[in-house]
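Chain nomenclature is as follows: A, B, C, D and E, assigned in order of appearance, with residue numbering initiated at 1 for each chain independently.
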Amino acid sequence: MSASLAFDLLLAAALLWSAWRALATPDIFRAVVLFIVFGLLLTLAWARLAAPDIALAEAAIGAGLTGALLLDAVGALGSRKDGAP
Amino acid sequence: MTLNEALPLAVLASSLAPGLIIFALPESRIRLRTALNLFGALAKLVLVGVLLAGVAAGEDYGFRHAVLPGLELVFKADALALLFVTLSALLWLFTTLYAIGYLEGSPHRSRFFGFFSLCVTATMGIAMAGNLFTFFVFYELLTLATFPLVVHRGTPQAMRGGTVYLAYTLGGGALLLTGIVWLHGLAGSADFAHGGYLSALGPDYDGQLQLVFLLLIAGLGVKAALVPLHGWLPRAMVAPAPVSALLHAVAVVKAGAFGVVRIVYEVYGVEFAQSLDLLTPLAVAAAVTIVWGSIRALFQDDLKKRLAFSTVSQVSYIVLGVALFGPLGTIGALVHLVHQGVMKITLFFCAGNYAETLGVHKVSEMDGAGRRMPWTSAAFTVAAFGMIGVPPLAGFVSKWYLGLGALEAGMPWVLAVLAASSLLNAAYFLPILHRLWFRSRDGAWPEEHIPARGGLETSPLLLAPPLVTAAAALAFGLLASSCASPLDWARLIADREYLSWSP
Amino acid sequence: MSSGLVFAAAGAVLFAMGLAGIVLIGHLLRRILAFNVMGSGAFLILVGLAQRAGGADPVPQAMVLTGIVVAVASTALALALARRLHRLTGRTTLSATDSDPE
Amino acid sequence: MIPLLKRVAVILAAASFAGALVVAMLDLPAPTVHLPAAVEANMAASGVAHPVTAVLLNFRGYDTLLEVGVLLLALLGVLAVTGVRAAPRAVAPAEPAKRMLARLLAPLMMLVAVYLLWAGAIQPGGAFQAGAVLAAAAVLLHLTGILPGWGAPGPRLRVSLAAGFLIFLAVAGALLARGALLAYPPAQAGMLILLIEAGLMVSLGLILAGLFLLLSRDSGDEA
Amino acid sequence: MTDPVAWLILLPLVWATGAFVLGPGRGARLAIGALLVQCALALQLAVEVLAYGGRTHPVGGWGAPLGIDLAADGLSAVMLLLAQALALPLAVYARAYFAENAPTVRYFWPLAGFLLAGINALFLAADLFNLYVTLELVGLAAVGLVAAGGTARQVAAALRYLFAALAGSLLYLLGVALIYGAYGTVSLETLAPLVDARAPAAVWIAGGLMLAGLMLKTAIFPFHYWLPPAHGGAPAPVSALLSALVVKASFYLILRLSLDVFAPLAAAAATVLGLLGAAAIVWGSWQALRTDHIKMLVAWSTVAQLGYLFLVFPLLAPDGLALQAGGMQAIAHGLAKAAMFAAAGVLMLATGRDTLVGLAGVAGRVPLTLFAFGLAGVTLMGLPPSGGFLAKWLLIEAALTHGQWGWVAVVIGGGLLAAAYVFRVLRQAFLLAPADSRFHPVPRSMEWTAFVLAAASVLLGLRGVELMALLARGAA
């Protein structure tokens, strides 16, 4: 059980946890925040996979821009009360 | 593209081209439309004349066009084809004249005559088809071209009739297609040939070929109005008179009968069909239809419906003739194909005249019509006697040969059927004649559209055609033995068909 | 059990999680989240599986770069549609009847 | 099926699918083709030193061409759907401290973007990452009220949005006329790739920013 | 010098971007001009493939496993011909359509340009990942076109379509990832010899995933739910493009993969695909019989006709009959469906309503359009003399030669069902017009476009020899 394997498994577990929480929380704002956390964890995963280009792209576009778009959408959709889960 | 190849195409084009142009014509261009129609009809007659002379002299006219690898559109103007082509071309001319008079002032005439020309083109294609694929293409084209004519009036009742018509014909087409593709799989895309091309397949295919025969006859039986499949014909009488006259008395039902002729003689070959004992059940089906049609006609008060059931019965004479194994039966069938056409179109023309002129639709309303419309009633009488089989009219000639054929084929019961049906014909035609001539009219006509003026009982365009066709019915009977009569042409076909058969 | 295979396995679970999310979630934004998770899962498998024997392989990495850009394009369009639907109908879910002709 | 039963069934199905997938991946034999070796062998002729950029812009440059098309297409879709017409709505200006921070950060981010572009040839970086950083700068400026949202893009903006893609297409067309599609002559490969990447950086930056700015405006007012 | 393979992809990209730069609602003339050139290129490619057989174009000059290849064989040449032959008349139609009723679809021309570029790229691609990008290009363009109308109904239909398309793309992408993991390459040419029946489990899963993804994008039953609202609700030129072309692109891909790379694996799914096809024919026709909106009827007819295409899979055999049937059906349905949607667009413009009842008596006003609808109906019914009939003939012959009777009954039944719903429309139009019905004038070019497309689908029934010869030209 080398140290790097332990770290990989831990990171993978964190990834799965954050993804599952992001999809399962009914409150949309917290789901998006969790999704951004998932994006950052994913950036780490790409670094571990010796893919710095993807790590950079994931951080900038995946977590960054997509996160911004989602947050902005939450703002827009939140302005009109909606009950549907 | 030699002349022999171009002629069959020219025959097709002589009705297709005017038809397509007429489609594009605005409603108001009446004179141009009439000119185009008549020009097309006359041009076709001239071309058919050339073909008749050529084929009699032994020329063969044909055209092939590859559609798919191993699948061809083949046209062949042989003797059998020309029998049907001549009949259709002749009657198309008269029906066009009649239709021009009949549809005076009604809407959508460009559409009507466009589809009318398409129907004739389809009939020509069916007649001159050289293989089953081409036959099927024009067989279905006929369905598509006749539907708009059946629903021409646009009334809900016409729509219901049209829907029934479509259901039957498309259903029949589907059966026919399955049979044809199955044959194509077994025997490849062979052309029609005297004596058929299926006998070459080994004996182990017999079971399949019998099943295929059933499919083909069922498919064709719809248009040939064999009993269980005839339901559409009486309902299609909602169509205007010229449509009922040319299409439902001549083109459509004959297409079915002609198909049966082609399949029995030039796909299976009559000997092979006999060896597969397919002819006897066919004869039984035809006989049942003959009797059943005549019985149903007895109880129809509506004149066109009575004539429709009479057609159901009369067309099966042709199928019966085909099923009689022997040249005399064949001659009877082929000559009846022409005679029935001429007689039945006269009856429908007269029915159209009564309806259009006096508003008479029912037999019960026809009392004293003979006095009011003597010429139309005379033509009706001639044609009616022909249908009954009274000599010297055309009907007698075909029934005579059918009787001889029955004896030759060793099927005496067919004689009984012929006799019974003649009696039934008399039973449903004579009362009409009695009303026409021996009853007086004690009230006004239901709707007198066209008043009798200047010695003419109705408009000339409505009167001339029935008179000509009635005269033809008489001539085909009297001059049957002459050289240019349909009987002579039928004898020529039968000889070629039976080269291989010795009595 | 190289790091490539660990992340490939994680990717498989993420993909399945996203797929289940699409089917179960009705809310448009959360369903778009599920699509992104599913996409990330597929990318992880693409690179992880290719590098299961160690050693970086630039070809799947370039593919994932392309994939990420395509993913953001799809997400942007989906968000635009979701916001327009919300602006027009006030709803944040797709109902069965909304696209039947009036 | 009541929702709970459906939920359990779907989750079970997904779990078993994931399991099957993992098992299948574990017992995969070694691949028959080994592309990294081929990439390494052809690196010299690719015009760049960094393998990922070589694959992205040269070996599989055609994928990237279509991918930029997809991004431009997404922007088109957003424009067509949001029906943006009226004059852009200005965002309420944030506190002065934030505005000053934004003014400081923006040029720095642009510098980072240009560095990323330049470095892409020899180490991780390149047009997409640079474009994303530019977009982040634009988003930052918008959120702090300095940069207004977008109305319907005027001709100048449309040209600059499409410039990167048009340059890429022009190069592809020119090379096609000379030989095969996107076949950079080894000598000028590096320079051509840099030209394409520069164009892409600008356009991608604007497109990614546009996606945000157009979307954020949509909630504001009527179509 | 002009290599049609590459230009067929670059040209639409160029004029699409040009149309975008020109601004919203502009770009029609540019598009029509470019489409003329594209038709010439497609024709040139077809002639070359017919003469010299299939050919590949190594992009970047690197060659198969490293670089991406473009490949044009008989099947792709035929599909390219269909795509350009549809795009040109529909462009003319769209120009008149949008001039007629307020430019409801902003940026139609750039979106249509990207759509066509994606379709051309897809027909020419020979690389699994490249196919993913082209699928995405086609998907997003199609969704954009459906949503561009702007009404709530269209936006909802577009969202439903986008989710289905995205799910399909991601399933397909996972399949590509597994294939790359298993063999280390995504080039079709390199993969073909590697994949065999004894492939590892991951490859079988990959095949299944890619098939599922593509079935979602082809809207074959039971994944058809998104098609009727999307195609039925969109403006007429958009529905025509989508129904005639887009769904065929993913069908082409399933056919391509099951003929080349996944041939050893394809047999397992063949019968299932056939059964789904049969179910699609029945379900699509049944729904078409029940709806009373013209465009929904034509959209459901697409769901049904796609079923015919899927009947090809259980009958694929070296004798090539099923492939010919599939090719002919794809072309005939493409032309007929484009004509039918174009005609439906004109009928709705003329009567101002979308319902069948509103059609009464329209025969007098727009006879040419009704004739076009009828001709297109003849092809859908598979009645002679039409392309649809030849496709039906080939399908029945293929089924009979393999003794598979079931498919014959399905094909025949499908034809009769098609007749039922086509005549529902034609029948209305023969009825007498109620006195109060007003008809709006419709530009002639729209009527003529519908007629030309319908006539092409019928004339195809008279001459299919060259097309079938082209279809049989395998890869070089």
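Details
Just so it is clear, a residue touches a chain if its C-beta (ideal position, glycine included) is under 8 Å from a C-beta of that chain, and two chains touch if they have at least 3 such contacts.
Since the model is a prediction, treat every value here as computed from it, not as a measurement.
Counting only chains that touch, the fewest steps needed to get from subunit B to subunit D is 2.
Minimum number of contact steps separating subunit B from subunit E: 1.
Central chain assignment: E. Criterion: smallest distance from chain C-alpha mean to the mean of all protein C-alpha atoms. Distance between Cα centroids is largest for the pairing of subunit D with B. Centroid analysis (C-alpha atoms only) places B farthest from subunit A. Centre-to-centre separation of subunit C and subunit D, using mean CA positions: 17 Å. Separation between the centroids of subunit A and subunit C, computed from CA atoms only, is 12 Å. Separating the CA-averaged centres of subunit A and subunit D is a span of 19 Å. Computed centre separation for the pair subunit D/subunit E is 30 angstrom, with centres defined by C-alpha atoms.
For subunit A, the set of residues that touch two or more other chains comprises 51, 53, 57, 61, 65, 69, 73, 76. Each of residues 129, 133, 136, 140, 143-144, 147, 150, 155, 158, 178, 181, 184 in subunit E touches at least two other chains. Multi-chain contact residues of subunit D (touching two or more other chains): 21, 25, 28, 31, 35, 39, 52, 59-60, 63, 67, 70, 73-74, 77, 81, 83, 128, 208, 211, 215, 218-219, 223. Interchain contacts (touch definition given at top) occur between A-C, A-D, B-E, C-D, C-E, D-E. Taken together, the subunit A residues at the contact with subunit D in this complex read 51-53, 55-57, 60-61, 64-65, 68-69, 72-73, 75-76, 79.
On the subunit E side of its complex with subunit C, the touching residues are 129, 132-133, 136, 140, 143-144, 147, 150-153, 155-160, 162-163, 166-167, 169-170, 173-174, 176-178, 180-181, 184, 229-230, 232-233, 293, 295-296, 354. By the touch criterion stated above, subunit E contacts subunit B in their complex at residues 324, 361, 363-364, 367, 371, 378, 381, 383-385, 389-390, 392-394, 396-397, 400-401, 408, 412, 415-416, 419, 423, 427, 430-432, 461-465, 468-469. Per the touch definition, subunit C reaches subunit D in the complex via residues 5, 8-9, 12-13, 15-17, 19-20, 23-24, 45, 49-50, 52-53, 55-59, 61-63, 65-66, 68-70, 72-74, 76-77, 79-81, 83-84, 87. On subunit D, the positions that touch subunit E within their shared complex are 20-21, 23-25, 27-29, 31-35, 38-39, 42, 58-63, 65-67, 69-70, 72-74, 76-77, 79-81, 83, 152, 155, 158-159, 161-162, 165-166, 169, 172-173, 176-177, 179-184, 223.
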